[in-house]
Amino acid sequence: MSYKSIKRAAYEANMQLPELGLVLFTFGNASVVDRSKGVFAIKPSGVPYKDLRAKDMVIVDFEGKTVKGKMRPSSDTKTHAVLYKHWEDIGGIVHTHSTYGTAWAQAQKDIPIMGTTHADHLTVDIPCAPPMSDEMIKGNYERATGFQILKEFEKRGLSYQEVEMILLGNHAPFTWGKTVNKAVYNSAVLEECAKMAYLSLGIRPLAPRLKETLIQKHYERKHGPDSYYGQVE
Amino acid sequence: MSYKSIKRAAYEANMQLPELGLVLFTFGNASVVDRSKGVFAIKPSGVPYKDLRAKDMVIVDFEGKTVKGKMRPSSDTKTHAVLYKHWEDIGGIVHTHSTYGTAWAQAQKDIPIMGTTHADHLTVDIPCAPPMSDEMIKGNYERATGFQILKEFEKRGLSYQEVEMILLGNHAPFTWGKTVNKAVYNSAVLEECAKMAYLSLGIRPLAPRLKETLIQKHYERKHGPDSYYGQVE
Amino acid sequence: MSYKSIKRAAYEANMQLPELGLVLFTFGNASVVDRSKGVFAIKPSGVPYKDLRAKDMVIVDFEGKTVKGKMRPSSDTKTHAVLYKHWEDIGGIVHTHSTYGTAWAQAQKDIPIMGTTHADHLTVDIPCAPPMSDEMIKGNYERATGFQILKEFEKRGLSYQEVEMILLGNHAPFTWGKTVNKAVYNSAVLEECAKMAYLSLGIRPLAPRLKETLIQKHYERKHGPDSYYGQVE
Amino acid sequence: MSYKSIKRAAYEANMQLPELGLVLFTFGNASVVDRSKGVFAIKPSGVPYKDLRAKDMVIVDFEGKTVKGKMRPSSDTKTHAVLYKHWEDIGGIVHTHSTYGTAWAQAQKDIPIMGTTHADHLTVDIPCAPPMSDEMIKGNYERATGFQILKEFEKRGLSYQEVEMILLGNHAPFTWGKTVNKAVYNSAVLEECAKMAYLSLGIRPLAPRLKETLIQKHYERKHGPDSYYGQVE
């Protein structure tokens, strides 16, 4: 079996992260799924971006077991596996410790929807899942991280097809998308919205959230049947 | 009819925006008018800057209808059209979601004139128009955005020849000028003034606005009959 | 008479300013004096850095009159002239609107000495002169700016040989030094101290100034008869 | 005796500091020890990074005396000497005035452990030693700085093998590691944690420290017998 195309795609997505200023050293990882084979390609653990090669990507199944590859996969691999297994429409996942996104996660606060930059991409606050219980942390931590994300989406009644990002409380952002390029894009959007919301609340601490009509309008410009942003494909 | 020169100018203006750090991905657009032909050239919607070519620019009339071009114009096209139609002295328009400018827009606050950097360019606070009414948002949104800008200038008694920038509440900055290069320049000036005002109020929350004599002096150094900044043209 | 060497030195100093991130567009200027000839070379007004050439530098005397050069000198020229005339030991002057330094100037606050980074360069807060009186502003403004700087140093009993920088209230920083390279260096030091002090007070609003023994120790490491920083010249 | 390899390693470590955005001008230094010879190689004092060459590195013993080299060693040399003498497991030391780390030092505050980015590297707040007594400052200042660091670790019961970084109150960060590359890495980690903690407390001033189970989990992922981050060596 050949995994060449997902390894190449995962490699290129990982290399975009430092270029976009979203990771320092090895603080991030991107993966790409091949659903026909039930596996995904992910960055090896702790390898600096400058030394990374496409052939180093590790092939892992949805239980988080390495299928092919000589190196250890990212320590966050099991979180990716849980999301791929339960959310059947996603094609790529990205995890970063981007500065502003992580600052909100450390504050254990949702990133409030304050403007149309945010509304162009999602209609709700960027959710922040609470830190896990001590039992979950002491157990299979990375697998539990995946379930913490699933649980938060269920609790809030969110659709992972519409809201493609989350903060893990005290940890950092995870994003996803139909393709890994969309997931990378979402990581940069999250970071920019995180910075803008930080600044807006610095300027006016009680600034209100965006009103509902503007949220709907901007989201519908880019998504759904009547969207008119971008080119017809 | 040839639109080559405005397409080239619009292309080059658009390409300056990421270089000046004013746009992420496709979050911005610049346009250039040809008043003799009653049209303007604008960036196609959603095309990444790295893939953009001069020939992709779309030619649009002052009602916002595409006159020439295979691609969809920017989703903000109708806002540009309204401004070109009503403000006969402007040659170019730029829209960005630059970080600090957008943060002030999200806070729905004017950017106060705190120093001579600001006064070198305009004598008043950078105005922030309030978010539109629900009726305007649900209707012809981008056209209404243009009228919201016109209305705000009228209400405040501002001249668009003297104040070449505005924030749309909850949205982001729009700037313009006699040429598109001046509009690009204004976008960068707005962002820098937005950052400096943010920082000054962080240092001293009740810092006063610039006093009137300094405002007049600095503005007149650069503008009007007795200006002595720059070279004689 | 040849002014080649001061024109070259002024050109190179001006070109360092955008490289060090201290100026946007044309918001700054550097000059170099030749005391044997009683003139200085300064950047022409309003010329973008990318178009600047050494031969464009304008030669001006200590009254602020152009001695040689086809272009208008910087609009801040008379401020430079006053400082060169009265402070006989300075060889170069730099004016920028660097972001954090200007933010403190807009807040009309001295930059407090909070750490050894600051004390390595001066033993006092970076002074902020108050905005000028309306009479001074309406009169010969740039000349008055020079006298405002002189007056502030006199009032505070500061030595321009020891304190090589000041903020003009509501305006921006001026720095100087025995050479123009030292003046450029001082502009970057001022900006870094301005940023660090801003952040420290954000972390701890009532953080104390640096204690006197540390101020003296660090300053004496780099300056005076017992200095041991750098190489013996 | 040849010191070529430690001079080369020290040179390369020093050159990484401006590349990582951790130093302005000459505000930093890195050193590498050779324990078999009882010496370390350190940057010469006050030499700009762009002029630095590997052969300029100065060889110094653990009393801070120059063993070989024509230039003066860094003014912070005696601090390095004290740490090498007393902490026998460290192979390299780095000192910077990185912006956010120095801002916390100026505020005389520990950097609180707020998230897993921090916990991936150490299990406690990044300690900030108080400024020294006037006697220590007026005496052998740089040597006393080393003892101030040792004393703070002793007082808090910290292990220098586990906590590889400290802030000197009112001064700036020092970091170390088994290798100088680890020390450089630690300097960048400290700066990033300093920035994230600053932002998190801006978002939520009373945000709690990270809970103990998450601290232990993340630290053990990367360190200790059951670590599973990175590749098996």
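A few comments on the model shown:
Note that the chains are named A, B, C and D in the order they appear, and that numbering of residues resets to 1 at the start of each chain.
Quick note on the criterion: a residue touches a chain if its C-beta (ideal position, glycine included) is under 8 Å from a C-beta of that chain, and two chains touch if they have at least 3 such contacts.
What you are looking at is a predicted structure, and each value in this text was computed from that prediction instead of being measured.
Comparing the residue numbers each copy contributes, chain A and chain D share less than half of them at their mutual interface. Mean C-alpha position of chain C lies 33 Å from that of chain D.
Averaged Cα coordinates give chain B a centre that lies 46 Å from the centre of chain D.
In chain A, the residues touching two or more other chains are 201-202.
Interchain contacts close the chains into one ring where each touches exactly two others, per the touch definition above. Across the complex, chain D is touched by residues 114-117, 185, 188-189, 192, 195-197, 199-204, 207, 210-211, 213-214, 217, 221, 228-232 of chain C.
Taken in their complex, chain C has these residues touching chain B: 24-25, 27, 44-47, 71-72, 75, 97, 99-100, 102-109, 131, 134, 137-138, 141, 170-172, 198, 201-202.
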